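Chain naming follows the written order as A, B, C and D, and within any one chain the residues start at number 1.
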Amino acid sequence: MNDKVEELWCVRMTCDDQTGVVAEFTSALARDGWNILDAQQHTDQSSGRFFMRLEVHHASTGERALEETLLPAARRVNAEVEWFAQSRKPRVAILASKTTHCVVDLLERWRTGELPCEVVCIVANHEHIGVHASWYDVPFHHVPFHPSNSEAFAAIEGMLSQHRVDLTVLARFMQIMPAELVAQHEDRMLNIHHSFLPSFAGAKPYQQAHQKGVKLVGATCHYVTAELDQGPILEQEVVRVSHRDGPEELRRKGRVCEREALARGVKLHLEGRVFVHGQKTVVFP
Amino acid sequence: MNDKVEELWCVRMTCDDQTGVVAEFTSALARDGWNILDAQQHTDQSSGRFFMRLEVHHASTGERALEETLLPAARRVNAEVEWFAQSRKPRVAILASKTTHCVVDLLERWRTGELPCEVVCIVANHEHIGVHASWYDVPFHHVPFHPSNSEAFAAIEGMLSQHRVDLTVLARFMQIMPAELVAQHEDRMLNIHHSFLPSFAGAKPYQQAHQKGVKLVGATCHYVTAELDQGPILEQEVVRVSHRDGPEELRRKGRVCEREALARGVKLHLEGRVFVHGQKTVVFP
Amino acid sequence: MNDKVEELWCVRMTCDDQTGVVAEFTSALARDGWNILDAQQHTDQSSGRFFMRLEVHHASTGERALEETLLPAARRVNAEVEWFAQSRKPRVAILASKTTHCVVDLLERWRTGELPCEVVCIVANHEHIGVHASWYDVPFHHVPFHPSNSEAFAAIEGMLSQHRVDLTVLARFMQIMPAELVAQHEDRMLNIHHSFLPSFAGAKPYQQAHQKGVKLVGATCHYVTAELDQGPILEQEVVRVSHRDGPEELRRKGRVCEREALARGVKLHLEGRVFVHGQKTVVFP
Amino acid sequence: MNDKVEELWCVRMTCDDQTGVVAEFTSALARDGWNILDAQQHTDQSSGRFFMRLEVHHASTGERALEETLLPAARRVNAEVEWFAQSRKPRVAILASKTTHCVVDLLERWRTGELPCEVVCIVANHEHIGVHASWYDVPFHHVPFHPSNSEAFAAIEGMLSQHRVDLTVLARFMQIMPAELVAQHEDRMLNIHHSFLPSFAGAKPYQQAHQKGVKLVGATCHYVTAELDQGPILEQEVVRVSHRDGPEELRRKGRVCEREALARGVKLHLEGRVFVHGQKTVVFP
């Protein structure tokens, strides 16, 4: 229990839409002396599902009191509710392969305080990523994928478990995750795909984009699901290209989109701003 | 009083920040059977001012009931509150000079239902705008600025008053508004300036931009205040340019920004999404 | 023959890449007294094809002289060459269905001199577009698609031929063009598709985009080929959207991309800046 | 002299506009067996100055031959001409203060081959930048600005000279350069300013932007001149912000623009794509 005074709390809630939901929570909070600093809500019209994110603060009490305020309110409207202190640091693992631009960007943003998390390990199937891990003083694990994929994934599973990882970030990790591992990390595993999905899913998207002759290339940050490159989209970014740009130039220009969409996606997730709702996401800015 | 059932209502509220404000309003609404469809709020940290916009709906009652719900709540937290039916149509006047791109864009968006308003008149100091007014079946008033500016502004003032105008849109109207007229229409008069303010305020911004050699040009939609091009900014847009673009090309590329920033600004204002707060705005998307 | 002095000429040339091509043309032009005001070139590395666009001017002569300069040079390097006076006005037909935003935007840009062409007719399968045609004083033809598509397309074919159309612009024309008609207008028929292709080809792209939950929607201007929505892409545009945007909001936000991508595409084509090269385009800005 | 066969060469040329300039150079190149792979040119209408950048290649010869081809042509049209092998590595110094995002981005892009240069030293008035220098194995010099600015600048001048620096990059270096040092490095010293210039020149631009309430913030890469933040602009970038963003959030969002505009500017300069022309730049993409 975190009963630190001066803590800010993030409250996330979802339930079926009904009259009085907002009042139920905000009244309970007000009655018990909690100040609401920020509130965002959304009702999905097609499913009738309601989502709310609050930032609250109390002058003299902490988590135990918050729980006592929220749980009865949640019961009354049959809501799922969760909360966390804004000072908490979720434990993040980064998985990488060869390219370093996303890894370095995440590490640098983390180091400068932009990403509210603890990077607890970097796992890669290429050894040279170890240098960057050592720069930022993060434990590094090299997991070779030859001769055996299944052994490699067993090792990764072990490490995510051993490091008690809250969020796994595939920072241009070029191996297809096995379904069981994905299932274990449902809504807690983010990938960056190097195209503006749903265009150019699968292998070599910049090659595909070059062949098609598109005038913008992009990148997509999405939750990992069993189906490759089909998980709920969290963030996307694009950049203008031209006939002058060969596949190598597309790759270079796209890198900027990749690291940007991934970093923004990771930050949104860490701050509790994303609700996965079926195949889609609700993202409170 | 609009007591139409099935009406959606927009509620706008502002007060000093304090614990329990959101609860005060949402509880009163819930108690009286109002469903909250959308809620956005913001606290300005430096001034301690709180802003909230709600969209609410009641299955069986209307404005009189809403007023009875809101006013006591507002009194308790010393808030300013206002509300309007989303089906209302504010009365809009468009003021123009020579160029037509903003006028045509506003009229076309209005005709296709994108702008929730009534365009009640177009006033211009060039006669040829009358053609567009007739196309869209809007009363047109030609007000020549020669020989006398003061007579022209008196005529404009008369027309805005006679047409009971709620919002005046300066759609590239190239005359400087007198202070008294501005004061009468405080927070209800929008201008589009053809630069990314605060850069290039005043005359000939594209010429200024060309001389400076900027790599992006833009446009700014702002409320009109007594000081030229200095009012609270509502919306801005930019577009990339290059050394190939002379002043005429900047003007052409900028036109797209102008009409876009102006149309978005007008729509945001009409939907009650903008709060003017000192020299700045709070804009709920 | 246009032998007007003070005319500017656009020269377009393509051939297999080889040493001396640029020199061949620029020397011939210099020798004969032509000044080069602008030059852009591109070599497609995979095909070895070379493309060049020049803007040239002569103080005292015109088209006949230009031809005499260019043809021998073209013969020597086995190039295809064409040229046109920048004052020429290609004859453009606009095909439309129900929505008017692209039609109005094209007409307004044309009226204000932004599009160097003559709009010679508007053809639509909905009668109400006729109003806009009359505003801009353009002949209008209503072609009903019931009961018979083939009769309708025969009528359209007749009209494009009768009006001696150089470029046909499908401004949200919602009928699939028959292959023969497409073949007759190869590289001279532009379409705007209301998605960021190759995502969401075919029917109801905004509905598809909403279901997928993408965070950006877009529009694509492409040449029409026999395969639906698969022709060479000329221009694309995107805009940011969020979970708040239902299909209707995506449609509204997307409209701005559509008219922008289409108008830019039409302008690029009219100014001779586009070379179709297989499934792709070379676009000189 | 670099007489390596298979080298690509970049040729930069500027002269007063006149008939036959392009032919003069391209003919000489063709006659001597040089193939032109890329060509871009621009005539500044107001000054009548002509600029051209070529990429050329010869199957069997090198720099001495290129010089013999270019110099006579340049003499005939009174042009300034320069050339460099695309494999050359200009010597770059990075100057920094406290913030690391631009430094890390430049170093990482350099390490991955995106920036064609040699980073020969990093100079900073804060010691902690030394860590990053050591990561990327670049000599680091700590130059304290207390008690004496003039000694510090004397030290910097010495280092730039000792390292024979071709380009100096101020990567958020927060000290005002003395005029003599600027003069020594005319057109060879790049700065990133953390605003969309000419808005918010000088100190604390994010604070200024927050006070003004702009809806976009940006960054500007420009050549350093004697007048603070007024040098020729090379590249700019902006990002959308809202009333939710306090000065700290503007700073965070703006950082992405800063590193992007700076990296693009440095790359454009290194590739010889920029001509400074009075207060402005010509940039060939």
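Just a few scattered comments:
Throughout what follows, contacts are C-beta pairs under 8 Å (C-beta built on N, C-alpha and C of every residue); 3 or more make two chains touch, one makes a residue touch a chain.
All values reported here derive from a predicted model rather than from experimental measurement.
Traced through touching neighbours, the fewest hops from chain B to chain D number 1. With centres defined by CA atoms alone, the chain at the far end from chain C is A. Rounded to whole angstrom, the centroid-to-centroid distance between chain A and chain D, based on C-alpha atoms, equals 36 Å. Remark: chain A and chain C have CA centroids separated by 42 Å (rounded to whole angstrom). Listed for chain A are residues 42, 242, 244, 285, each touching two or more other chains.
Residue ranges on chain A touching chain C, taken from their complex, read 42, 44-45, 196-200, 211-216, 218, 232-236, 238, 242-244, 246, 279-283, 285. Within the complex formed with chain B, the residues of chain C that make contact are 100-101, 104, 108, 112, 114, 135, 242, 244, 252, 256, 260, 285. Every residue of chain B that touches chain A in the complex is listed here, in rising order: 18-24, 26-27, 29-31, 33-43.
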